[in-house]
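One structure below.
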Amino acid sequence: MATYDLIIIGGGFLGVSTAYEAAKAGLKTLLLEAGDLGSGTSGSCSGRAQVAEGHLDPLNITLARDGLKRHEGLAEELGYDYAWRRVDLLLLLRNERHRQEWIERAAFLNSVRIPTEVIDNGPLHAAEPNLVMDGLFGAVHTVEGRVDPLRFVHAYARAAARLGAELLRHTPVMSMQVEGRRVVAVHTPRGAFSAGAVAVMTGAWEAPVARLAGVDLPIHHAHAESFITEPIAPMIFHNIGLSDSYETIHGKPKAVTVGIHPELNGTLAIAESVTRTPELHKRVSAWGLSAIATEMVKLYPFLARVRVVRSWGRPTSFTPDEEPLVGWAPELDNLFVATSLMETITAVPLLSQWMALMLCGKEPPMSLDLYSPARFPAPAAQHWS
Amino acid sequence: MSEHCELAVIGAGPAGIEAALAGARAGLSTVLIDQAPAAGGQYYHRSPGAFATPHPTAVEREGQALADQLGPAGVRRIVNALVWGLFKEEDGDGWLITASIAGNNASGTPLKVHAARVVLATGAYDTPLPFPGWTLPGVLTCGAALQLLKSQRVAPFKRVLVSGTGPLLLSVAAHLIDAGVKVVRVCEANRTPLGAVAHAPTLVREWHRLSEGLRYGLSLARGGTPYTQGWSVVAAEGLERVERATIAKLAADGAPIAGTRQTVDVDAVICGYGFTPNTGLARMAGCGFAYDRAARAWLPQRDPHLRSDLPGLYLAGDGAWVAGVGHSRLEGIVAGVTAAFDAGKIDAAGLEALLAPVRPRLAHQRRFGLFLQTHFSPPPGLATLAEADTLLCRCEEVSQAEVRAAVTDGARTLGEVKMLTRTGMGNCQGRMCERGVTAAICRANHSDAAEVGLYAVRPPLVPLTVDFLIRAGED
Amino acid sequence: MYRIKATSDLLPELTRGPALTVTVNGAAVEAYDGETIAAVLLAAGLWQLRRTRRRGEPRGPYCGMGVCFECLVTVDGTAAVRACLTPVTDGMRIETGQETAP
């Protein structure tokens, strides 16, 4: 049985970036991905590196602000262009309450060096001449990041491989062998592997995979659908979001909100309809396509004549308190988990470095207790062999 | 508009018509959906209704006779209907089919069909084969040429090269010659002894195929058209359209032999390198697929009764495995009666009674299909025709060099190459490039097509306007 | 010139539908009821239906059955219509050489 310092299960943003940082730190690393790299949520997202919409505690602020900064030199470090760029986000304010809340929030964000401003309808109309202004109370303007999510996964994977990490695709984990408080083997159709530590970074699939080691994690998910248009002449000039997205979708069995993300090649990526379903899948529904189409023409009527070329569906995972889950699972001695970030792409370059430190047995520069799995009351222990 | 039925058959070609007839006659409320105005699919493609055709060919009469049975059998026909989505119903079992009626991508009328069971009979399309210049106007498939000649009665050519593999090349050439077009040569990539070819009709006891072959041979002789085995087009050139084509002799594996290239002046190259099942809806629905080495294609998995691995979904005909019209019609029957059995309309004895006469005939047709597959598949060496600058993905204009660069960069699967190069992300959702990109990855990586994977297909099956999608959501 | 006049057992006698008024890029072309846009364009000798985005290369019909999306033309103001699948109608205005919408 081949032995490693670290086995990472899951080849999305968290998995591949941690594989890179771990290999850089000198850990002999194996990454196991059930499908293609980035074939889960990572490859299906809009590629936004958000910075202003997360929780406002020092940890999240640091990861957002400094994560964004680390992106600036990252392509050169990894030796691969993943289309990183800074873009202007306009978060359209849908009522007066949101406007007031954001004025306060912007003041705070400015104080922690995340430049944010609230603009009125006049400047908003000048910035987005094709936007329907009815019912808007101005917008929040901030500068966030944007990547090609597929190339971003590939950039890290490639760099990790060059540093000696092994990345196996189409290699699902079938079972994990636990003896006492340690995972002693990970079983796949390609054979069994063992490691000093096993890290589960499988996004929305975190709960079923962790359960293979007898660990129960409170990971929930919603199913989100998006689509992409044909290339069009420039008519939308910013990333567009809605201030009421969260309220619209939170806790609802079926809801739709709109985010519009112009791509470099002239296409528009449009998010997103959301449903609650126990199933983890990547299908797209007829309802979802129609619902998104209906909402987006309310903002930009010209989109009615634009063609939708492709769609995709993905589960997005979250914890009960909507803080990420990152850290050592308390039930075992060598199982590390990381999933359910809210501003994933922004945080990943920095967080992966900190996780690599933890996987080497060291402390990260800031405490990650806020994200610790230990914060959830453990259910009755189950030991699977 | 919304309809409900016990059985929906998508595709009104030979397989679809037979499946609809079988289902309806067994007592299922049956709907037959097709994007054309008349039933028949590609094989029985009918001339436009506005044309008067006082002397239909034997094939046309056969197709008409088959389609004429649909009305009396009580099959509800939905025509001019482009199916763009196939979804599991959100509540309960059964399927939701979404279509656009009588419109192109923008102006159609949305239709929803709620079906307890679905037979996919979506047929096949000409297998694309990349070679330098294959994207030039004037490079056409056999299927396209036959539509133009037979149904539209147009021959927009003066001098043509026909290249590919299989008996269809002779049919295309004969039609061209009859239309007054100069066919400079027919290049058959495989070397099949004439004895073996003559043997083939005996497998299905279809003697008319021998006389067909002779008929085509006569046309070629009259047209002064050489028919050469072991040759293929290797390049097309021209500024705004085809002006010249280069052919070469092939080694046994299909790779061109150095020093044998010849250039001919032509204004069109008609390519017929076999057929690929049109499996977009099966992929969208989530059917299991397996790589079939003999067919060199990803085929949907079916049990002996043509059930997919998804409840209530069946696949029949060339849309699941290419073996021609006889095979398709018999599979249509199997799928239709199986659906009726699964719905409880017929019992096990009734199923057996209906299938018993079909089985031996289906076995013969399968042998014939295997024969064609063995002797008339594009030889693997043809994958070497594409050069570095040859576009493998026509829609997104991705060259072989870019695909190779992605592999050098670590991409191992079709999905990963797609991620990095955008192959398969255009209008055709990978139908034209899957085989070519797979072949390029395998050559660059020394890997196996089975490891490379296949493209996922998501709705809409064809690009649709936002406005149409809004209307499609209104009930 | 390219409409087939000759007949044989493979290409039996056929009478097209009545002539229709169809323009291509503003100019009238010969067209008959029942013909597809692709057939009308090819019969008029027009093979270059569009130009590609990246390389600006000419493209024309390839598969003839609507799966390749090469034969995209603009019809009565609607872009990206597949010429091989779409019959001509009286008064139809066809434009070639374009790619997409607004």
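Miscellaneous remarks
As written, the chains take the letters A, B and C, and residue 1 is the first residue of each chain.
Rule of thumb we're sticking to: a contact is a pair of C-beta atoms (placed from the backbone, for glycine too) under 8 Å apart; a residue touches a chain by one contact, two chains touch by 3 or more.
Predicted, not measured: the structure shown is a model, and the values here were computed from it.
Legend note: the chain whose CA centroid lies nearest the centroid of all displayed protein CA atoms is B. The chain with its Cα centre farthest from the Cα centre of chain C is A. Each chain gets one centre point, the mean of its Cα atoms, and the points for chain B and chain C are 22 Å apart.
Computed centre separation for the pair chain A/chain C is 46 angstrom, with centres defined by C-alpha atoms.
Centroid to centroid, with C-alpha atoms defining each point, chain A and chain B lie 40 Å apart. Shared interface positions of chain A, i.e. residues touching 2 or more other chains, are given as 230, 305-307.
Residues of chain C in contact with two or more other chains: 53, 80, 101. Among the residues of chain B, those touching two or more other chains are numbered 105-106, 426-427, 463, 465.
Against chain C, the residues of chain A that register as touching in their complex are 230-233, 235, 302, 305-307. Looking at the complex, you find that chain B touches chain C at residues 35, 42, 47-57, 104-107, 125-126, 128, 135-141, 143-150, 152-157, 174-175, 178-180, 215, 219, 240-241, 278, 394-397, 426-428, 431-432, 462-463, 465. Residue ranges on chain B touching chain A, taken from their complex, read 85, 87-88, 90, 96, 98, 105-106, 112, 286, 409-413, 415-416, 419-420, 425-427, 429, 451, 453, 456, 458-460, 463-467, 469-470, 472-474. Residues 53, 80, 99-102 of chain C are the ones that touch chain A when the two sit in their complex.
By the touch criterion given at the top, residues 2-6, 8-18, 32-36, 38-39, 42-43, 45, 47-49, 52-55, 57-70, 72, 75, 78, 80-82, 84-87, 101 of chain C touch chain B in their complex.
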